[in-house]
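A, B, C and D label the chains in the order they appear, each numbered from 1.
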Amino acid sequence: MGKKLINDPDNVVKEMIEGIVMASNDRLEKLDGYNIVLRKDAPVEKVALVSGGGSGHEPAHAAYVGQGMLDAAVAGDVFTSPTPDAIFEAVKAVDSGNGVLLIIKNYTGDLMNFEMAAEMAEAEGIEIEQVIVNDDVAVEDSLYTTGRRGVAGTVFVHKIAGAKAASGAELKEVKRSAEKVIKNVRTKGVAINPCQLPAAENSTFSLAEDEMEMGIGIHGEPGTEKVKIKKVDEIVDSLLKDILTDLKIKKDDKVALMVNGMGGTPLMELYIANRRANNFLSNKGIKISKNYVGEFMTSLEMEGLSLTILKLDGDLTNLLEAETEVNLLK
Amino acid sequence: MANKTKELFLKTADVIIENKNYLTELDAAIGDGDHGVNLARGFKKLKDKLENGSFESRSEVFKLTAMTLISNVGGASGPLYGTAFLNISKVIADSRLDLEDLVEISEEAIAGIQKRGRAEAGEKTMLDTLIPASESLKESRDNNLDLDTALKNCLQAAAAGMENTIEMQATKGRASYLGERSIGHQDPGATSSYLIIETFIKNSLK
Amino acid sequence: MGKKLINDPDNVVKEMIEGIVMASNDRLEKLDGYNIVLRKDAPVEKVALVSGGGSGHEPAHAAYVGQGMLDAAVAGDVFTSPTPDAIFEAVKAVDSGNGVLLIIKNYTGDLMNFEMAAEMAEAEGIEIEQVIVNDDVAVEDSLYTTGRRGVAGTVFVHKIAGAKAASGAELKEVKRSAEKVIKNVRTKGVAINPCQLPAAENSTFSLAEDEMEMGIGIHGEPGTEKVKIKKVDEIVDSLLKDILTDLKIKKDDKVALMVNGMGGTPLMELYIANRRANNFLSNKGIKISKNYVGEFMTSLEMEGLSLTILKLDGDLTNLLEAETEVNLLK
Amino acid sequence: MANKTKELFLKTADVIIENKNYLTELDAAIGDGDHGVNLARGFKKLKDKLENGSFESRSEVFKLTAMTLISNVGGASGPLYGTAFLNISKVIADSRLDLEDLVEISEEAIAGIQKRGRAEAGEKTMLDTLIPASESLKESRDNNLDLDTALKNCLQAAAAGMENTIEMQATKGRASYLGERSIGHQDPGATSSYLIIETFIKNSLK
C-alpha cells in the first residue's frame, strides 16, 4: 500500500490536468491558472455543459469534455469539490450566450460550491440551470438525509444532455433530458480493496483478506456493509437485484448497462462481471441495447466495480447513440 | 485590532496545519479522508495572504479569511467555514467585544453554516460543536457571568459538543452514507470547529 | 493481496471471452468450443490478421478485433500461450483465401505454438505469414538469448497492419507494414506492485514498501532491477532515455507516444506520467503526432506503467490514423 | 504393455498435479508463475482421456499424451513435452525395453525438444535434467551395466542435473529476461522433467 506513481502530492491535480490536455491530441485546453479543461473551440454556439467535482475519478470528468458531451470540466483537489470561483471561471469560458447547464453530483460539498458559483454567474447575467445526479441505490433516499450519491450514472447524464445540447436544443430542454436520465439511472458498487489519497498516510478504509465492502461510493468512503468476499457472479446478482427493484424494471424493458471499474480492477474481472450481468438481465427478459465495460468513474486505485443501469426509451436511445468525439462513450 | 486578529488567524492556521493528519484520520473513518488536507490547504494559503497583507479592521481580516477558505478549501467545509467567517465579517466591530457581541457573532456564524448546509443540531456535523458553544455564551450572558468565565464555559461546552458527536448517527455530510456505522466516531468537522474555538478563546484569555 | 472478482480460477478465460463478446454490442463473436474472438462478419474478403497470446493482458488481444485491426484473437490461459490447435481454428475461421498474417509476441511459448499452428495451416493450403514483435528495450537483444519480449508496441502492429489489410493490400505488403512497425517501435516498463495469477497462491514477485521493479514485462516476471521508488517524472525520464537511445530518435523526428497502464494503475497517475513524457520529448524537439494514454497491454492487476514510442513516417502516420471501429485506437 | 504405460502416465499425472504449487512457485521466482498450473491442466485432461480410453500399444499411449499436452498445456512447456512424447511414440516398441532402447528413446525426446526450442545444455532449461539423464544411460550401456543399476544412475544424474540449474544463468525461456538474477533458483522445467523421470524409473523398478 501507499506507493504511487506521482511527484508532489500537492501538485497531482494540476499535473494530471496538463497530462489530460496533452493526451487529447489538440482537442482540449487548460484554462490558465485553473484546473479546468475546456473544448479548444469553446465557446460553441449552443447550450454549454459544465461538470466537475473532486479529482481521483478519472476519466471523469475531464476526459468527457468534447463534441457531443461536456464543454468544460472543473477539477477540485482529490475527492474535494472544486471551489466556486473556479466553477464560475469555467462557466464564463464556455457560455456562448445560450446558457449553461451545471451537472452536479449529489454531495454536500459539490452542491454548496456549485450553488455559490451559480449565484456568481447569475449576478453576471449568465443564464444558468443545474441538475443533481443521485444514482447510487446503496444509500437510502430520504428527505431527512443528504440523499443518494451521484456516481457512475453521471456519465450517462453527460452523454445524453451533451447530445441534446449538440442538437441545438434550448437550455430548458437540455435540462429536461438530463433530468430524464437522472430519473432512469441507478448504480451500485462494491470494493475488495480500498484506496489512499495522495496526501494522506493511510487508506480510507481497511478490509480483511476475505472481506469486501458492499455499497461503496467513489470517494473511498466505507460502504454500507462489510461482508465475506463472494464469487463475482453472486456479487453481480446482488447489485443488479437492488438496482432493478429500485428502478422498477420489468420484462421487455430496454436498458443500457455499464460495468465500471473503480480504478485498480483488471479489465479481465470487469469482463467476467459483464458476462454475468448480461446473463442475469437476459434471463429476466430485459434487453441490453448498449453495453459499456471499462473505467468510467473511478476512485483512485480502489479495486472493485459498480454496475449502472439506464432505462431507455426511443428518445434516450437516440441521444445515447448520437455521435460524440469522446471515444469512451462511442 | 486588525493586527491582533491577524495574529489570531495565523495561530489558528498553525493549529489546523498541525492537526492535519488527525483531522484526516477522523474523516477517513466516516468520510473520505480529506478534511485535514482540505483545511490545511486553505489555511496555508491564508497564512501567505495574511503575512503579505496589511489590514485596517477586524472585519477585513475575517473577510479575507472567508474568501480564502471559499476559494481554496473546496469540499463541504470550505463553503461552510467560508460563509461563517463572511457572516462574521459583516457584523464584527473593531471595538472591544463584550459577551453580547460574542453571542451575536456566534449566531451569525451558525446562521451562515445553516443557510448553506441546511443542517440542524444533532446531525453529527460541525454545528454540534458550534451550537452548544453559542448556547453557552447566551446562558453566560443571561446569567451576567464575567467574560473570562463565560469563555471558559464556552470552551467546555464546545468540547462536550464535539465529544457528543461520537455517539451520534450522521444524517448530513458524507458520514450519513454509513448509516448506523457512523456511530462511535468523532465528527471531523466538529473537531476542527473545536480546535478553532479553542485557539480563539485561549489566545484572547491571555 | 489475493482478492479477485472472479468465480472459478479455472474458468476465468472462458468467462472473460464471453463477457468481451457481449460488450462488443454485436460486433464480435466467440468461436464455439474455443477461447477465440472473431469479427462477426469474418471471413472478410482481405488479408486476415490473427493475434493472441496468454490472457491477463486485456484489452489485448480480444478487444483489438474489429474493422481496421484484427480479424481474430486467440486467448491462452492466463500468461500462457494458446495451443496450436486453437490458433489453427482461428486461422481457418478468418481466412478468406487472401492469406493470414500471424502477429506473435516474442516468447518461446508463443513462438512454438504459433509455429506449430502455421505448419498445420500450411498443410491445409492456407497462405500464412508471421511477424514477431520484440519491442521491449529492457531485455538485452542478443543472438544467444531469446531476444527481446513483445509488449505494448504490439498494439501499434495490430493497428497499422490492420489498416494496411483493410486497404486491400496483399499478404506480403501487410507483412512488410507490420515489420516496419516492429523496426520502429520500442517500449520499457516499470512496476510498483506485482500481480497474482488467479490459480496461484502468491504474487509473481514481491516488492518492499519503497521499491519498484524497472524493466518489467507483461507476465509478472521480475524486471531487470529493483530500485528505490522515485518521482514519476524521474521514472519517465529514465524509461524514455533508454527507448530513445535504442531507437536513435533525434530532433524533429515524429513519433506516436503510448502511456500504458499495467492494469491496477489509476488513470490519474498515467496522465501525470504523460505530462512528463510530453515535456521530455518536446524539450528534445521531438514531435508527438499522436498520443495514447490508457490501458492497452496489461498484466492483470499489476501497478505500473510502460512507455512506447513509435517512430513515424508519412506512411505509418496515415495507417495509424486510418479509420477503425476499435475505440481504443481511434 | 499398453495398460502398464497407461498406469505409468496416470501416476505421472498424479505426481505433476501434487506438485502443481511447487512448480508454480519455482516459476514465479524466475518466470511467470504458471508452470505447475500449465502442466497440471494438461495432465488432468490426460487422466480423463486415459481413464476413458483403451489402448493397443505403448506408442498409442505416448501419442495420446503428446497430443493432449500440445493442445492443453500451452506456454513453452506444452509444445516441448508434447513434441518429446510424440517423438518417443514414433520409436517405442511394445517389446521389453533394453538399455539400448532407453538410450534411443531419451535421445528422440531430447531431439524433439531441441528442434522446437533450439536450446543447448547449460541454458537452464528442462534439457539440463534430460541431457545428463540420457548421457548416463549411454554410459551405462557402454559399460554394460545391468538395467536396474543403469536406471538408478540415470535418476541420480537427472537429480544432479536439476540441481545444477540453480547455479546456471538462464539464456533461454522467460528466466533469461532476468539475466544474472536468474542465478540461485532451480529451473521449473528441469524440476518437472526430474519428477517425470523419477516416476518413470521408480515405477519400472518395482
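The criterion applied here is as follows: contacts are C-beta pairs under 8 Å (C-beta built on N, C-alpha and C of every residue); 3 or more make two chains touch, one makes a residue touch a chain.
Everything numeric in this text was worked out from a predicted model, so none of it was measured.
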Distance from the mean Cα position of chain C to that of chain A, given in whole angstrom: 29
Cα-centroid distance, chain C relative to chain D, in whole angstrom: 32
Inter-centroid spacing, chain D versus chain A (mean Cα positions, whole Å): 54
Chain-level touch network, classified as line, ring, star, complete or other: line
Interchain contacts, given as pairs of chains that touch: A-B, A-C, C-D
Contact set on chain D toward chain C in their complex: 21, 24-25, 28-34, 37-38, 41, 70-80, 116-117, 171-174, 176-179, 181
Complex contacts: residues of chain C adjacent to chain A: 2-8, 12, 15-20, 22-23, 25, 55-56, 58-59, 63, 192-193, 209-210, 212, 229, 231-233, 235, 259, 263-275, 278, 288, 290-293, 295, 298, 300-301, 303-305, 327-328, 330
Complex contacts: residues of chain C adjacent to chain D: 10, 54, 76-86, 107-109, 112-113, 115-116, 138-140, 144-146, 149, 197, 199-205, 217, 219-222, 224-225
